[in-house]
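Each chain gets a letter, A, B, C and D, in the order it is written, and its residues are counted from 1.
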């Protein structure tokens, strides 16, 4: 029997306040545009705009910002009724400066936030078994009760034939110890089918006593993580997942697929664009990939759709609000080549 | 010997994100202007712009928002070097919708915030004894360690000949129980010389088993508090303070002064203006009053300056960023009467 | 109309585990006797055994230790039905070594404890207005919600004609900053009629930027606090209380009473005994004083009863379980003099 | 090269206060014996007394109870220098009533406790790679930072050739949700070589949406957990561990060993004794098993030693303090059969 949803995304959501004064130092910003964000929420919007049927399992507070987030998602056509309000907890917020090409100073408002309060009961009330894919993000594992609820959701999904996709979503300042990220994510992989991440994120999953995270820029742009990404990818694929989508920025992406004969590597070329704001591009990619897979596309074609989505969003100001529709994709592709 | 500062203000600070879409429902807001706010911070800016020499004792996190707040205040000429950074704590933020004349939906981001981490050691490192006035706000008493640090500051000020001004600053959602606000503020009054507040705030200070706070609108506009404000004022003046400035909105303000012969009541008429955003008007009033008192003005003239400052800010979009200079005041007065 | 209770005591309670191996170093203790303790709970037992009618407003967890505490008090004849159970919080415990004459190493188990969760609603549900005296302890002010609830109780008592007695109960490790103890207690005094304390405790109430607490022994015996106790006493009596009982150990106690003509000083001689365990002796004293006052005795006679109670308990192993009855007092007095 | 330690045990420790009034209702207890306890600490003592060389990685507070715990272990010959003191955290305590044969009412004092503060840095400072076995307990996974530190320790051990033993140690009241226990433990199994547990504990590890924990007695005796234990065992052995020791109470124990040909089941008969206090018997068993394995014994003989240790301790009053030496074992065996 057909499932009601192509994908259920689980995890954080936020009001994203992005500087309108592009290029200005943070202290000189005069106004911020108000968008919706948060990795799983962005991915939900991305997939929905491409034509997927999506549901969102996040949590917000009993506050105006919660209204703002859920209202936006509902207007997008996403099913939000499984996302609870958490009394005594605040909807998340992010305040962001934009200094292209590589400086995006970021302040998270996630102390006592609502989305980390997702529980196993919230998971059991959600339609995981009625979705083709479950998308979770690494940040969902940073604190309890979200950590065990997200792990429970992955197990539950696999038991009910729902494919589990993990967006690594490495946010070092959300963890008490960056090494805890590595060891926690590794313990999660047994319940994951497909992994998506940048090279830094894939290396971050391998962090142990030897690796070093360069966190200097973690609140300014992406965290840099040293390591041999090729070794890391094969290690990940030995721990549960059968597929890994390696996001390579301007170079596009590479899909690593476990087969009986070994690991297939499929390269999907990127689209050349000028970077305006990298935030959200990875989530756009994930939305494209999931939409493609949910509709039976090949690994290569799904990855190319992801690349196109990411390329479009990297030229835009915000995250969720700028996800492309399939019409946008067709127009973009027409200019830049083909899927 | 002359003191270096006219006033040291102690307590909260924030980035204030105010809807640019005036009149829009919160969920429809497209962008927010970025200002600085927080009762004692606003008052510092107000007094400084009028010509007072001010210092600020707030605390911010090690984050970009903290830079934003301190940079603004420093640029205003306020001494900010006594305001510490609190590792592991976040600079406060406020997100606000603006639906004049009376709906200002507000979401505070103050979980684990930096300014509530002010300690007795921070107080001892600040130049209280070198300021003519110490201004504290009621919210500074809501949680430890700020609560005992603020109380300590008041005692210390009185012992060193610094006049203590309390802005009641009733923010019910910052307290675990609204009745705790009343009983705590009453226990503070013995260390206070001058009180400033609206009628609702003065009633809130009297809250016990009988009073009722109408909190329905507390996150949308001011909280309504029932009670007999005239009885409340005289009660307050029997508990330590010698002067109370009663803010009466469009009706201006009334100064209640304890004298050997009883309590003098001095009315200072308001200035008729159209309300645009009430947030910050009370802080502008406080800045005007303190500036007047610090410069030897009469109660009536100080209250009229306060009224003028409040009237100007009530027609503006934000708080700190819109405080008038003495030139603005002279221009405004020229149109509306006289101090 | 007569009131149902002579005294309602409010605040902490605990299971007190006291070394049976008297004189042994803590690490060599083999077993602990199980008693009930906690300043206000001890005082309730002391007064009840002397013949007063008492009620107890403490809180315990939903655990066996809570059963132990309440069962003991109920068996003593104390009304315990106003003492709530606090789900998710633990009944307090104390583990104590006994090395007479002056070493009593102490470990408090009060993290997340139930009795600090007393609320204003718990106060309003208790029979304060139906008691002649309300006894509160300084530790009740260390953390919220107990802090504002205890302050509320004091105000409520005074408004309803119930005399408020404060046992200073200085426990420095229950405060985030010892100076916060001083400034908080000073803000409480306006709602207090009678104060009881040792010289160190009276000095502790005066702590500000100058005083120094010698906390070296705070977990081993009483905290030492420097200061001029005579100045401190007169300061306290200028801040609200009309009477102060100064506990002077072997020297007995001195009652300081505000009169129109100045402060009367009444000395009540001590009873010479050998110290076995000082813990609880002060609470026995308080129970004796309150019993005397509640039955119309003179200051001197009430203080002498307190001295006798304290002297008896100082020769005993524990606190609440060893409080003397009036028969014990008469027997003791017969050997040592007269009240 | 030979390793310095036969086993490093990691996790909780406590002062165990066990009723001396055996058979009395909790509220009637007059005194408690003071022992040392906590699953990994008990196991360390058990193995050390049998002749193993052990080190302990627990944490205690800066308090007398911490001295008590470490002093006992040091006197036993256990290496305790890797166990840090955690400022601001309290050494754990347990208060226990004893009503044989099956009622052991238990109150944990573990709010803000020191041993849950073990960090990855503490792990890296410990001699895991210099021990033949690492023993961890399920409770070590209940909260951060202990959770990720314990997981990190398991990974680190396996990478350095140290065999990882997990004592399931199911303590439902230490978890925010009993189902979080199941899903967390399952995610840990990939880093575990040998599992030890009772049938209820093995079922608890399988808890998901279907299983039901009967927690009614969880603070009174063992928690009852429904489920098909045989299915559970084989599931566990499919998730990483190669060996599972099933503790069967009076019936002895059964060892399940993964072999190329399937799972071998080896029964080790129990020793008939009268139950006095079940607490600690399982830890004695673990100590015996690990001692046997570390000295090259067969599965059967190690399990029989475990059975003998457990049988001896079940007739005793406490945990760590009553662990048998090899001489005790020989004497016991002489009366009851053979290993």
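Just so it is clear, a residue touches a chain if its C-beta (ideal position, glycine included) is under 8 Å from a C-beta of that chain, and two chains touch if they have at least 3 such contacts.
This one's a predicted model, so the numbers in the text were calculated from it and none came from an experiment.
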Legend entry - Centroid spacing, where centroids are CA-atom means, of subunit A and subunit B in whole angstrom: 42
Legend entry - Centre-to-centre distance between subunit C and subunit A (centres being mean Cα positions), rounded to whole Å: 57
Legend entry - Overlap residues in subunit B, where contacts from two or more other chains coincide: none
Inset, instruction - For this assembly, give the contact graph shape among line, ring, star, complete and other. - result: ring
Legend entry - Full enumeration of touching chain pairs: A-B, A-D, B-C, C-D
Legend entry - Residues of subunit B that touch subunit C when the two form their complex: 119-120, 124, 143-145, 148-149, 151-152, 155-156, 159, 176-177, 179-180, 183-184, 186-188, 190-191, 208-209, 239
Legend entry - Partner subunit B, residues of subunit A touching it in the complex: 15, 17, 20, 26-27, 29-34, 63-65, 67-68, 71-72, 90-91, 93, 95, 97, 105-107, 109, 111-113, 219
